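What follows is chain A paired twice: with chain B in the first complex and chain C in the second.
Then we have the complex of A and B:
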């Protein structure tokens, strides 16, 4: 007979009383119910569509099948689109970080009205829908009469209008601008609250302002950088409006494919299979970003 | 030549004069404490020496060289922050190595000097931990080592014991003073705790309202305070308002003085007060509140003055303390040790710990 004490790890027994009593859980109930009904259920349904055949809005013959998944995974076009989605997301997220960091840093050094104005400037883009802002980028980047080309031509900087709209460049530009607030806000929260004594300590030990920035300020904000990067990567990777509008009719990414298969081709099963791939790879990448980030933020996790 | 000289340093924040022409000269290896209540300008003065603040006026010299206009990273002055400001993302080893790494010293040299510093503070076993994993006292030692490893001319310490619990403080103060003596570094402490100042310092500069009110050796200041504020801030004092007439005070117990005629304040430490039961020359009153501290008993004697006179009486074995309400006479035990200050002073008559 096996020793009972060895078999039973020191684990807290589940008891109904402590569950009903367990204060901490109850306030979360409305949110959990809401998410269960309006998010978990639709997502499960959507993912389930990928494993059955849908015929004119109803589940067709045959029941469970892996055929759609297999079809998607064996399609080289799907892999190419995924690769493109990934790179567009990586490039635009990196650019977002590069643009957002100085803004968040500057915010901490401003006072009074200038600070308020900067905050308004950061948040105000969120007051218009991303769709409207994407259309605005068409006006800016579009053809010979686009704002950018008109300006460049009239200043004599270029002789021929630049072909920006309907290229990856346009998609990256649009994504970077539209997702900027999502990067600035987490950085701002950490950078504006930071303790300046660390920077003074660094100066006191002989470091210049520049090395203090790169050796103290940036590493100490690493948790916020990782959070912002994961967030913006996820929304960039899965965004279909920006590539569709700024990339033009022939430009596609994995997210755009999901949209087209579902709304245009009306092949819901293939759309759902693509969505499954998009969602699971998105999770995978975000997980990888966080895992990579943890290498730089190990100091933040240690306990005495 | 003094190693650190502060000359006529002044600083204003708007209308507030936080530093008013401060002068201070510190010899090599000396430990000086800037002592004063919060808002007296002591931290502002320390931050000016480090270069975190630019004084409006005056000069700061290290070894005769004016450093007033150098940025903080080009002054050869170590600074230990109140909460130590150890870089949380670097290990203890990397924290101590920080300044040497910045100076691009050879890797071997950095390793050797950091190892030396670690053994100096007896934390070699903690080299690869992060600051968060250390106790407050250990963090303090790391912060000091991080500065000392660069062999600065002067070490500045801003209330380094504030973050430690009371029990640990005294032993850490003694440890730190021993460490400073071993290294032989000129140090300036900032504190509002007079006991800490007495323990650590060769000299104490008492600051008030942006001025250095008195500078001297701890016991010298204790015995010969120049103002009632100093008398009250270093140790505890009975401040008794009186008049001088013809070389004597016109107090119940006349005290000889060289002060000219006019109002004056008599400063008498509680341990220089004796209590006599029955009639005697002195302040007659009634025993009020008493505190048995162990070796001494502290009495408050209500003599009809604004504040009761405090007396610290050594306890005699087998004798019960005086009951509240007992009629007694309070006397200055050693008249030569009593100090007379001209004028009534801003604090005239108050006496608190």
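Then we have the complex of A and C:
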């Protein structure tokens, strides 16, 4: 082993060889430049467009103005929609966690073909278009002939078809199901590699399975819960496809407003101001979730 | 939970049954919608019903006779192959620097390379559209390729990075000790080891670009819409099972991609 390190060539020259060695920064230079031009510059433009007046896609007269930002922030509709976006994201993310956790937990206890099949069930939605999966919910929830209404009617649970599609409930249901894999994967990574001895110790010390689960397993997976929650919250908060398709024509959220101002109304200044608001509040909420999560994690560590 | 248990309380048994029921329901929730879509795609009548009232290939035939749809599939295929190649070309070397690099600010580089993931697709789409307008460049195939490649680059970087950091550096040293030059070592030792990961990353990027609607809605050419954008409008204005047929075909494609990834690196590696 010592010989190997001694004999390994140590010369570093600016050459093909030093590139292949991979020790330098410059293999990343093309990607960094690419992102700088095609991501950073566009994002800066987007942020800047909220502070100037845009007339048919070009910067109009008047220069810097706070009018659009002020217009957005003083609009009660915007606040109402932001509130709705927030609550829909919180509710659907919480539901996602409730449904995802058992699946991630079960994965660690399965073997062989069952384990593989479960993994296929988790990964295949991830590779299927979100649009296709939203469409599936239109089929299930939609109208009188919707699958869910048919089932409920035939079972006699309801005697009138329920109004499911074009409600907040439909949006929450769709988001919850569509974002399930995003929550399962971080949980699965942590839960399937956890140290089972802690649980055995807890059980041997006389704790019930229920309290072992809630006081040993769940606290140990707290970092993954926080990561999954933050990720799913962010994608739910900024999703505009699901509210549009499952919420119906008049249904709107902050993200839907951004889409409509940019593509339908073509008021780019307002669109940019709304997008800035969406992005900054999203980061703020995610930051709060992570901070809160860390708080809980530490609290558990102290208590343990 | 089969560990050293002496007794299990009634509460535990109820909780366990509830837990298993919840797990079963969640798994059903994961797969049922896709299966329902596949089932109704074989509906012989002109409206959606479940279970389908019969079996026919009618709506699949309708997909292949719909020139607008076929055109959009070609647009999407072309775009996603180019996006895939761009992401590989920029992402694989970047992953190299991210893992093997010895320089100050490596953590910063990693964060920057993965930063497009922090942006919602819509923001990348609108930002590209606005930047394009600013430099007098309209939504087009080129803009779609550029915006989607920004969106997809982190997938390649992340998957290849994961593989690279799992490699044994001693193999490279062994190769050098046996007299191989840097180029030979790279070509015959390092590259074969990361090739499966790069392949899986390519497949993943392809399907993400092919399916993407959040970026594409803003940056695609209105006269040559890619499939997801076409489908987005179709879902809103058409209620025939033709959408179910397209969806079933897309689900089939995603299964194909999953098989490719499973064959190349194994599915559980994608889960990490």
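The rule is short, and it goes like this: the second predicted complex is superposed on the first by the 264 of 304 C-alpha atoms of A that agree within 3 Å, B and C clash if a C-alpha of one lies under 4 Å from a C-alpha of the other, contacts with A are read in each partner's own complex, and residues count from 1 in each chain.
In this text, contacts are C-beta pairs under 8 Å (C-beta built on N, C-alpha and C of every residue); 3 or more make two chains touch, one makes a residue touch a chain.
These figures come from a predicted structure and were not determined experimentally.
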item: First, second, both or neither for A:200, with chain B first and chain C second; value: both
item: First (chain B), second (chain C), both or neither touched by A:42; value: second
item: Touching partner for A:293 - first (chain B), second (chain C), both, neither; value: neither
item: First, second, both or neither for A:208, with chain B first and chain C second; value: both
item: Touching partner for A:108 - first (chain B), second (chain C), both, neither; value: neither
item: Dominant toucher of chain A (residue count), chain B or chain C; value: C
item: First, second, both or neither for A:161, with chain B first and chain C second; value: neither
item: First, second, both or neither for A:248, with chain B first and chain C second; value: neither
item: Footprint overlap on chain A, where chain B in one structure and chain C in the other make contact; value: 200, 203-204, 208
item: Residue ranges of chain C touching chain A (in the complex, touch as defined); value: 1, 3-5, 8-9, 11-12, 15-16, 19, 22-23, 25-27, 29-31, 33-34, 36-37, 40, 47-50, 89-91, 93-94, 96-103, 109, 112-113, 115-116, 118-120, 122-124, 126-134, 136, 146-147, 149-150, 153, 157, 170, 173-174, 176-177, 181-183, 185-186, 190, 204, 207, 211, 213-214, 217-218, 228, 231-232, 235-236, 243-244, 247, 250-251, 254-255, 257-258, 267-268, 270-272
item: Contacting residues of chain A [partner chain B, same complex]; value: 195, 197-198, 200-208, 211, 215-216, 219-220, 222, 297, 299-300, 302-304
item: Residue numbers on chain A that touch chain C, as the complex places them; value: 1, 3-5, 7-9, 16-17, 20-28, 30-32, 34-35, 38-39, 41-43, 45-46, 49, 57-59, 98-100, 102-103, 105-106, 109, 116, 118-125, 127-140, 142, 145, 147, 150, 177, 180-181, 185, 188-189, 196, 199-200, 203-204, 208-210, 213, 234-235, 238-241, 244-245, 255, 258-259, 262-263, 268, 271-272, 275, 278-279, 282
item: Chain B to chain A touching residues, read off their complex; value: 50-52, 71-74, 77-79, 81, 83, 85-90, 98-99, 102-103, 129-130, 132-135, 146-147, 150
